[in-house]
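After this come two complexes, each holding chain A, first together with chain B and then together with chain C.
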Partner chain A sequence: MISHLGSYSLIFCTIFAFLIILQSAKLIGNQSKIFPKKIYTIITLQLFFVIFSFSCLLIAFVSSDFSNITVYNNSHTEKPFFYKISGVWGNHEGSLLLWLLVLVLFLFLFILDTKNYDNKYKLLTVIFQEIIILGFLLFIIITSNPFDYIFPVPLEGLGLNPILQDPALAIHPPILYIGYVGTSLIFSSSLAAVINNTVNSEWAKQIKKWVFLSWIFLTLGIMLGSIWAYYELGWGGFWFWDPVENVSLMPWFCLTALLHTILVLEKRNALKNWTIVLSIATFSLSMSGTFLVRSGILNSIHTFANDPSRGVFILTFLFFLIFLAIIVLFIYSENDKKTSNNFNILSKETAVLVNNWFMMYFLSVVLIGTIYPIFLEVFTNEKISVGPPFYQKLMIPFLIPFFIFMSFGPRVKWINDKLKKINYTQIIVFISSLIIAYIIFTNSSVSYLFSSFLIAASIFLVLNSLRDFFSKSIQIPQKISHFSFSILILSILLNGIYSEEFNSNMKVGDELKFIDKTIKFKGINFDEKDNYKLLRGDFEVIDSGKNTLNFNPEIRIYNQPVISTSEADIKTNLFNDNFIVFTLLKDNEIFNVRYQHKPFMIWIWISIIMLAFGGTLAVIKYGK
Partner chain B sequence: MISKKVKLRITFLFFLFLSLVLIVFLILKSLEENVVYFKSPTEIQNLSELTKKKVRIGGMVKKNSIEIMSNEINFVITDYKNEIRVKYSGIIPNLFEEGKGVVAEGFIQDRRFFIANKILAKHDENYMPPEVKEALETNND
Partner chain C sequence: MNNKFNIVYLLIFFIFINYSFADEKIKRIDKVSKNLRCLICQGQSVYDSQSEFALSIRDLIIKKIDEGQTDEEIYDYLKVKYGDWIIYDPKLDKNTILLWSIPLILFIFGGLLIFRKVIIIK
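The block that comes next holds the complex of A and B.
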């Protein structure tokens, strides 16, 4: 019953989408200042029906209605309530419904936000956004309807993959999707602005809060996925250059570039075409992310189903949108001779451009590393994978100039700045960063010339961003975000250089030495929870200073589906994380134990949250 | 006469082009060095020349083949036609079991012996890496 309702409301939404496109197209020529009430009403109705449809799926999940095939495949009566809810988007069909919900919701908010803006621009944005909405609606209804039936009705569901039953991962998709879908609105509105010939400061002022908003959610969404990978997958890293991680990083680079460029457009009315290209590219990358992950081309935990028709549909739709964007850009793009893109070498405009070049470079590295294996397999049938060394080798050398440019960029003035002959503060900052880097390296066993330069450059960036706090010309959100970014980079580098790990097969009672630490495996005990049984290990790590740390990592064996997962035990403090995870090797007797010492781990997460917080301050400021 | 502005532009474009070429070259070069090929035990048997590069081997963990030592484990990967012995030391994923699919990354020592430095995690009991599935299917033909 409830599934019928959900299904029908999706069909209503499709009809509304057609209606809105037709009506808006008809009303575009209208000179009226007031936004057509009719369209506003239909959009509200559409929003209502999407929310209704989503609620139907939610109710089906919560009430464990196994006549619905999506619920049957992904839920179970014994599953905790919280994960019944997150199960709604923990699968292909439901996650698309969530995409759709955010698409429609954002359009609605956009209409509310642009009360005083030009009608033609708004109607055009509505048309483009509705085209995207329509595409997703058809995709859902034709290839992946979340409301399909199963008969006879099964008594019990198949359950949700246990490694997805995790708080960070439960909220990861919605947060990431808000980021992804936010870029759709930037896409629609930038095409509208191109046609309307209003790619200018005013448009930039209006759209920039959407850029910031998407960027905040994308940043946090990536972080949540990364935190989850850190403690749940048990490999101890937080970024693996896995294709599915890369597809979320690519729009991030693009969006970060756009975030800076939009400010140039606002302040100087320049870089118009480049801004539009970035807007289109960001959305295309978000879409292709969905395509690559959902089509089954990339294999991972995110790949819910392997249905080629879905991949073909998204790919066709993606090409259609890109094609549409290019046509719009070619026909309507103004060749404005008045605004020149000739910047002074020493100006904020150039500084932003330099940022964009770096972002584009990082983007191309990740893009090539991610799609090259796909192409190679199609053309030569050779199966390959591109590992972390590829990315590290190509990105790390470019980080040093990037850090140095980023240290100076924020303080450069608009239009034209002058180079002081000798800047004593800079020299002091430079020398002190060298000294700090030297101190760090003399106290460690690692001594690569290159990493010492890298660390020195990142300390230089940290000190400079810190100095920026005293500058009056830089705004507070930027100060916070730039400083957090420098801390993020420094913690990632120190974490990478100083991480230590130990790995061995152990029995209860074993005691092993690792550098200056002793690891004792004291015992195991068994326990039973609602939907899983567990094995809890009891470990003790004694360091050279006779401090002991106790660890209780778990191995969980879930009832439905029968899968075992390892839960790491992580002891976190301000300076480092200590981490033990173990897996069962044989007959509850021999275990594979991994101990890791990861310095400054918590600072990686804190700095990302601060980075997003800086963005939030900007949105609050621009929203006024 | 070419004006100063045009000259500046030409130099700029030239450098832009140069750096693009350089970047593409860099990327392709490191791609070549850092890609990891996937092979099945049978493909390794049929290799004309053993590669010194890192490869991935996929197949099934042979029944009763896992031996556990204090710091390493040994096992056999099979595609039911050919098999290869694997020596490994490192973290072992939860779903590593006899009779289940596995992908190991490391270096070929000879046609029957492989030293792995990573065993790739799987997230799902029923999930089989597509490479393994395909490797098994081609051998059944």
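The block that comes next holds the complex of A and C.
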């Protein structure tokens, strides 16, 4: 019953989408300042029905209504309540419904936010956004309806993959999707601004809070996925350059570039076409992310369910949207030659361009690395793997110039800045970063010439970002975000260089030495929980200072579906994470034990949260 | 006396050498296995996986290292047996020339665009 209601509301939404597009097209010529009441009403109704439809699925999940095939495939009566809720978006069909919900919600908020703006611009944005909404509605109804039913009604569901039953992963999709979907609004409104011929400071001022908002959610969404991979997959890494991770990083690079460029458009009324291109590219990358993940053409740790026909639909739709955007640009974009003027080499404008230069380069590395193997296989039938070494080799050497540019960028003034002959502070900062890097390296066993330069450059960035806090011309959100970013980079680098790991097979009672530590496997015990049985290991790690740490990692065997997972035990403090995970090898006797010592791990997460916090301050500031 | 001391010294020396050899060997096994894809897993390396396949590949690596083969020889052997798909670090060859060069070409291209946009004012 409830599934039928949900299904019908989606059909209503589709009709509304058609209505809105037709009505808006009719009213575009209207010069009235007031937003047409009729369209506002239909959009509100559409929002209501999407929320209603989403609630139907939510109720079906919570009440374990197995006549619904989505619920049957992904839920189970014994599943904890929290994961029944997160199960709604923990699958393909439900996650698309969530996409749709955010799409419609954002359009509604956009209308509320732009009360005093030109009607033509608003109506055009509504049309483009509704085209996207319509595409998603058809996609959901035709290929992935979450409300399909099953008869006879099964007594029990199949359950949710246990590695997805996790708090970080439960909130990861909604957060990431808000980021993705936010870019759709940037896409729609940028095309509207092109047609309306209002790609200017005014528009930049209005749209930039949406850019920041999407960026904040995308940043946090990526972080949550990464935290999950860190403790749940149990390999101790937090980024694997896995295709599914890469597709979330690509729009991030693009959006970060846009975030800086939009400020140039606002302050200097320049880089118009480039801003539009970035807006379109960001959304296309978000869409192709969905396509790549859902089509199943990627071989990935995160691919759980897929179906080629869905991929074809999204790909066709994506091409349609890009084609539409190109046509709009071709017909309406003003000739940039007349309006554009060159930038002085020492100006904030140039600094932003340099930022964009590096962002686009990193984007191209990740993009090519992710899709190249797919194309190669299609054309030559040869399969290659592009893994972490590729990304590291192409990205790390470029980090040093990037850090140095970023150290100076924020302090450069708009239009034209003057170079001081001798900048004593800068020399002091430079020498101090060399000294700190030297101290770090003499106290460690690792010594590669290149990593020492890299560390020195990142310390240089940290010190300069710290110094920026005393600058009056830089705004607070920027100070916080840039400083957090520099801390993020430094933590990642130190973590990468100083991580130690021990990987060995052990029996109960074994004691092994690892560098200056002793690892003791003291015992195991069995336990039973609601929806899984578990095997708890008892480990002790004693370091050279006779400090003891106890670890209790678990091996869980879930009932529904029967899958075993390893739960790492992580001891976190401000300076390092200690991490033990174990897996069963054979005969319930021999275990593979992995111990890891990971310095500054917590600072990676803290700095990302601070980075997003800086963005939040900016939104609050611009929202006023 | 002196003789005895020498023997002890030699013993310590050998233990030390053996120890560091063992250490080096583990490091090499880890390094090689991190660069190999576990073919039956989803996106896991041979190092990370505990599957039968990964364990057999690790045994193979140990055997090859004991036979005195270099890392490159081990990779080549596995490539012939399982195809390029198994190596995470794609070699530069006719199949991957675009993979390695496109990002770098784009970087140079981007630099040129910026160079054209920027002027120097004294």
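The rule is short, and it goes like this: the second predicted complex is superposed on the first by the 616 of 624 C-alpha atoms of A that agree within 3 Å, B and C clash if a C-alpha of one lies under 4 Å from a C-alpha of the other, contacts with A are read in each partner's own complex, and residues count from 1 in each chain.
Here is the rule we use: contacts are C-beta pairs under 8 Å (C-beta built on N, C-alpha and C of every residue); 3 or more make two chains touch, one makes a residue touch a chain.
Bear in mind the structure is a predicted one, so any value in this text is a computation, not a measurement.
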| item | value |
| --- | --- |
| Superposed partners chain B and chain C on chain A - clash or fit | clash |
| Chain B versus chain C as contact partner of A:Thr380, first or second or both or neither | second |
| Contacts of A:Thr41 with chain B and chain C, given as first, second, both or neither | neither |
| Partner chain(s) touched by A:Thr565 [first = chain B, second = chain C, both, neither] | first |
| Partner chain in contact with A:Tyr361 - chain B first, chain C second, else both or neither | both |
| Touching partner for A:Ile555 - first (chain B), second (chain C), both, neither | first |
| Touching partner for A:Ile163 - first (chain B), second (chain C), both, neither | first |
| Partner chain(s) touched by A:Asn592 [first = chain B, second = chain C, both, neither] | both |
| Contacts of A:Phe390 with chain B and chain C, given as first, second, both or neither | both |
| Partner chain in contact with A:Leu353 - chain B first, chain C second, else both or neither | second |
| Chain B and chain C footprints on chain A, overlapping residues | 235, 299-301, 361, 364-365, 368-369, 372, 382-387, 389-390, 393-394, 503, 583, 585, 592 |
| Contact set on chain A toward chain B in their complex | 161, 163, 233-235, 299-301, 361, 364-365, 368-369, 372-373, 382-387, 389-390, 393-394, 503-505, 555, 561-566, 581, 583-586, 590, 592, 594 |
| Touching residues on chain B, where the partner in the complex is chain A | 23, 26-27, 30-31, 33-38, 54, 56, 66, 68-73, 89-96, 121, 123-126, 129-131 |
| Of all residues in chain A, those that touch chain C in their complex | 235, 240, 242-243, 299-303, 342-345, 350, 353-354, 357, 360-361, 364-365, 368-369, 372, 376, 380, 382-390, 393-394, 398, 416, 503, 583, 585, 592 |
| Footprint of chain A on chain C - complex, ascending | 30, 35, 37, 42-45, 47-48, 50, 83-90, 95-96, 98-100, 102-104, 106-107, 110-111, 114, 117-121 |
